[in-house]
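The same subunit A turns up in both complexes below, where it pairs with subunit B and then with subunit C.
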Partner chain A sequence: MRAGPSPEEIRRHNLGTLLRHVHLGGPASRAVLADRMGLNRSTIMALTAELTGAGLVREELPKDTGRAGRPSLVVRPESDRVYVLAFDVGVDRLIAARVGLGGTVLDRREMVRPREGFELADVVGVLAGFARQMVRKTQSDTVCVGAGAAFCGMVRRSDGMVRFGPNIGWVDEAFGTELSRRLGLGLPVSVDNDANLGALAEHERGAGVGCDNLIYLHGDVGIGGGIIVGGRLLGGEGGYGGEVGHMVVKPVGGLACGCGSHGCLEAEVGERALLAAAERSPELIGREAVRSVVDAADRGDIAARDALHQVGDWLGIGVANLVNIFNPGLVIFGGTLREIYLGSAAQVRSRMATNVLAVSRERVRLRTPALGDDATLVGAAELAFSEVLTNPLEVLARATA
Partner chain B sequence: MRAGPSPEEIRRHNLGTLLRHVHLGGPASRAVLADRMGLNRSTIMALTAELTGAGLVREELPKDTGRAGRPSLVVRPESDRVYVLAFDVGVDRLIAARVGLGGTVLDRREMVRPREGFELADVVGVLAGFARQMVRKTQSDTVCVGAGAAFCGMVRRSDGMVRFGPNIGWVDEAFGTELSRRLGLGLPVSVDNDANLGALAEHERGAGVGCDNLIYLHGDVGIGGGIIVGGRLLGGEGGYGGEVGHMVVKPVGGLACGCGSHGCLEAEVGERALLAAAERSPELIGREAVRSVVDAADRGDIAARDALHQVGDWLGIGVANLVNIFNPGLVIFGGTLREIYLGSAAQVRSRMATNVLAVSRERVRLRTPALGDDATLVGAAELAFSEVLTNPLEVLARATA
Partner chain C sequence: MTATPILELRGIDKSFGPVQVLHDVAFSVYPGEVTALVGDNGAGKSTLVKCIGGIHPIDAGEYFIEGEPVHVHSPRDAAGYGVEIVYQDLALCDNLDIVQNMFLGRERKSGLVLDEATMEEMAAKTLDGLSVRTVQSIRQLVSSLSGGQRQTVAIAKAVLWNSKIVILDEPTAALGVAQTAQVLELVRRLADNGLAVVLISHNMNDVFAVSDRIAALYLGRMAAQLKTSDITHAQIVELITSGRSGDLGLQNGNGAKA
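Coming up: the complex of A and B.
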């Protein structure tokens, strides 16, 4: 338990908070910022002047306000000048993007990742190549202030080491370090689990804005969870928290899971379970195959509908357990779980009604991501922005040195 | 996102932090406090002077330090003068205690609660009676700075309303308000779920000191969970988080649970499950009956041993799920789960080995409470102290007005 902050720490906090307001909330007048931050306008003016001097924001006269008197200047993030690199490694796809301060995707590359024979060096090579193409196209006065990546597995946050990626076959691969080296920008790459970053993105920019207790479930081949508790991402001792896919829901007679156990939520609800239950040919895999089952069920295909109902029942048990444990305001179904949830919402809701305690059922809503398929990528960008939003002037000085 | 704190907020924070240090850590020299809080000694001296003036701490010369030079004065909490009232309502027992600043139990009363025909008015009557007896014995210069209660069910923290106590048969009972009224001290009573308070107590004073991610499981008739995430108690939207007892572990053929569902952890591992599996007569209930099964298993009673192994296997599944979800450093088994865990540790550990992902298994330890059966009561006292530790001078001024 430390003493309260020093004046220098408060100044840094206030600079970061002002920048975060315009980054997340968009351009805002000094008057509005003063109100939101609980500061007077002269302090806001001084903070804005520092951020303007560093090239992080600019001030503009607002469009005609229709009111008499001198209008309050509007503070706007320098979205074209200050950017981050964001990466998303799913089992089936690789994405790289250049995202401007304020959250605008300025440029973007994507490819399908082959499931076989595409290892660390290949993944890093593709992503670094995409980044180089995008950086080459930027103006000379632009500045890259960070890099972040979402990965479909368990990541050690301190150095971006992938500890375990059961559905991609990686164990202890130095993904963050290697990607940073191949980028050659002298920037570390912050890495986190994709579901964690989906949760972060939906909390800051999506369906979860204003909700400080939410669960984001991400379906890829497996099922990941990102959980916001009291406004902060649940990390746990090593940053591996949120592995809800390996909650055992079917202890007797459960399907084998990539983790080595049986009856995990991921084994009963993931891609393989759905496709097998729908009696799809083993060659059909991936996001499109999952969507085709949901579409077929919509069109009245009995096998597809039964498969979806069966999977939805297990999903409902998993969600009900999580709602009892976390008492969240919101559960968001992302990735392929978006379609699976939409196709089996009746089963999920039925389990909620049976298994969730009334006091926790009162306030929880079930939703799909406002950011759609980009939730994890947007989260990677937010992870990359986090340092400049904590300590704007130093990070910018370092990036432009 | 607000601006950084004002000088007045920082001063209040520093006063509270210093008081918290001596409350939790015991008497400490000014030099040690300066070091722990990252402040210089003159600031510590000024803060201590204010707390001394208010009668919250006193300063003393240390015992002979054996070193030359002027020794640093030792700051000591006024444990005999400043106290709280703490209450613990379990299914089978009612406890009231008077606890001094610094955490010393100064006085204590306890009774067995009959399972039938002992409702809100009876419980509140007994607790208020105990409190009056204890307060009557205090010196005239003592001051009560708060009251807190642990309850074996789901509690709305804002007003201490018991929303649901399945094992005690309460729904929407105004426990906090009613206890406050019957105490007649003009003090509100803060109420929280007993497992939450057990977690808080073990985190601040017990097995979990220094571990910011821990799970405390409390066995009474049911099973409750208190979970510390990133150093803070998991509350959720309504304060009902941590209801791990209603995680479904046996979806097919599970036992009926007091919540209306089937196959909940509490139904498979709680008192009734253990006693039924051990073929005990239905008249045998409560903590002693549970202990007698564990003792019998120890002595080689086959039915008792089998029952304990069966219950331990379900407990292991529940714990493994929680470890995957939270990546905690510590799981603590309290209340009757202490004995059940000690009697079935092999089953629990076996499930951990099978079902917990290796990266989360690396750092988790399984323990019993350092505070023993008093964890929930100590937590109630800490809840009662929380306001004076946040805002010492105002709370003391109000209490002595």
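Coming up: the complex of A and C.
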């Protein structure tokens, strides 16, 4: 049994915390950091000196403050020098980005994928190719401190194994290991479910800043969910929790779902349900098809409007269940659900007014993602940064070795 | 959910000649919230907004700002209390750029000349504060902007003046779906930044998507003012079309409160 953390552990913790403040909150003066972290200014000075020495932050005189007295130095993240690789694998699109410390997207590559033939080697090949192109363009003094990927399926977090991707037909594919091998940077790739990462990103940088109980719903072909309770992402026993798309809402007479079941929420709300109800031809798929239905509904297409109302009603039922169970302060509609929510808010909120317990609906706010379509990608970048933010000096030393 | 409304009207009457347009209207607006003002054509929405904005003097009733009774006789008075109105037709000048439009009639001067640098900086800061990333340059002529971007500039213009209450008259009426979504998100952000927003709209999806409260006018009377989370689409439609819905709204046919 130990008495408490050693001075070394405290120092490491403080370094990480300071770096996290600058990473998430943007450039801040030493005085402000001292105030936010509850430490005295000389400790802050020592910590910033160490981080500056390692090349993670730099200190600058602020521009004219307009106030009297010696200005406090501003601590800035070294966004151009320290970066991570972030990947987003959706059913229809693959994105790779180079994201600097502080969250600036420095470079990105994107590809629209055809629906057929979702092979591990193809996906990994494209992403690794994008990454190599972007890394090649960097200056020699830059350093990659991590890699993270958002994936549209159920992921084992310990090794990035995709256990099940109902809409792409994957079962137990070693995505994380394979991507790490193909990148050849000597870095492991952390992988998590895309909706989980969307929730994380909106919590740290988006609409959910300051809200510790939120639910992020991500519409792609299916519906993913990321649930943050008490400031922490709800994972469950194996990290597969939050699959709100497979909440059974209509077991009798429900539509067939990609997971093999019937009447799942995503079978009633997902892309296929909307397009089928709007009587769109089966060739039309993807985000653009969903957006065109919302657009047609706005222009008075009756089939599209009825389809949107029907889907909105089911979405409302799903959200009502979630709000009753988790009592969140915020529900965020991301991916294609952004358009669907804005186009059917009357149905969604009518369901909530009818089906959510009065005390639970007092405080819940419904929002679209502040990070827009990039929520999942930003989440992947945050996942990649998490290690350097916990143990800045060691991770950096390892990356530059 | 603050207890004191930033703007409160009580017992407002307004007549144009023999026609009484507003009868004993009460209306409250809260900071950090979007209050949707709905009603059929001719229900009195625009008249009520013009009374708030000081364009029409009120015949009777009380006007409170942050709990203090005030008298508003002109648009300048209203602006002095932090009330800004963005009208449907936007009233932007096509031949001027974004900065010039935002400062039209209230230009900053340094000495005898216009202080372009400060105005540019303030305009950029305001657009940035609203997370507006759709305009390329703030020196772009307004004539080159899309409908959604114009609406954004008009809203930013209203926010620039440290306004506390921003009233938007049908901001999404002439826009396509993608631009409507952007404007709705902007409206929401205004309120999340602490402003009180009044949104006039006929589109129930827009109203439900962003509002915290809904006030329904029926034939010049306030049928009900309710939290959006407590009401359904069907109830609101009933309030708009008949002034009542079950226990909600006006309790007898001629609209007088029971």
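What we mean here is this: the second predicted complex is superposed on the first by the 396 of 401 C-alpha atoms of A that agree within 3 Å, B and C clash if a C-alpha of one lies under 4 Å from a C-alpha of the other, contacts with A are read in each partner's own complex, and residues count from 1 in each chain.
Throughout what follows, contacts are C-beta pairs under 8 Å (C-beta built on N, C-alpha and C of every residue); 3 or more make two chains touch, one makes a residue touch a chain.
Owing to the predicted nature of the structure, the values given are computational and were not obtained by experimental measurement.
Undergrad: Label the relationship between subunit B and subunit C on subunit A in the superposed model as either fit or clash.
TA: Pair status: fit.
Undergrad: Once chain A of both complexes is superposed, is A:354 in touch with subunit B (first), subunit C (second), both, or neither?
TA: After superposing on A, A:354 lies in contact with both subunit B and subunit C.
Undergrad: With the two structures laid over each other on chain A, which partner does A:250 touch: subunit B (first), subunit C (second), both, or neither?
TA: After superposition on chain A, A:250 lies in contact with subunit B alone.
Undergrad: First (subunit B), second (subunit C), both or neither: which does A:21 touch?
TA: In the superposed model, A:21 contacts subunit B only, not subunit C.
Undergrad: Of subunit B and subunit C, which one contacts the greater number of residues in subunit A?
TA: B
Undergrad: So, A:328: does it touch subunit B (first), subunit C (second), both, or neither?
TA: first
Undergrad: Contact-wise, after the overlay, does A:362 reach subunit B, subunit C, both or neither (first, second, both, neither)?
TA: Touch status of A:362: both partners.
Undergrad: Identify the partner contact of A:295: answer first if only subunit B is touched, second if only subunit C is, both if each is, neither if none is.
TA: A:295: touches subunit C, not subunit B.
Undergrad: Can A:241 be said to touch subunit B (first), subunit C (second), both, or neither?
TA: first
Undergrad: Just subunit B (first), just subunit C (second), both, or neither: which does A:320 touch?
TA: The first partner, subunit B, only.
Undergrad: From the overlay on chain A, compute the angle at subunit A's CA centre subtended by subunit B and subunit C, rounding to the nearest 10 degrees.
TA: Spelled out: centre of subunit A as vertex, angle of 90 degrees.
Undergrad: Report for A:184: first if it touches subunit B alone, second if subunit C alone, otherwise both or neither.
TA: neither
Undergrad: Considering only C-alpha atoms, give the closest distance between subunit B and subunit C in the superposition, rounded to the nearest Å.
TA: The answer is 13 Å, the least C-alpha separation in the overlay.
Undergrad: Could you give the residue numbers on subunit A that contact subunit B in one complex and subunit C in the other?
TA: 354, 356, 358, 362, 364
Undergrad: Residue numbers of subunit C touching subunit A in their complex, please.
TA: Residues of subunit C touching subunit A: 131, 176-178, 180-181, 184-185, 188, 204-210, 228-234.
Undergrad: Enumerate the contact residues on subunit A facing subunit C in the complex.
TA: Subunit A reaches subunit C through residues 291, 294-295, 298, 338-339, 341-350, 352-354, 356, 358, 361-362, 364, 366-368, 370.
Undergrad: So in the complex, which bits of subunit B are touching subunit A?
TA: Interface residues on subunit B, with respect to subunit A: 1-5, 9-11, 13-14, 17, 20-21, 36-39, 43, 154, 163-164, 211, 213, 225, 227, 229-230, 232, 234-244, 246-252, 259, 261, 317, 320-322, 324-329, 354-360, 362-364.
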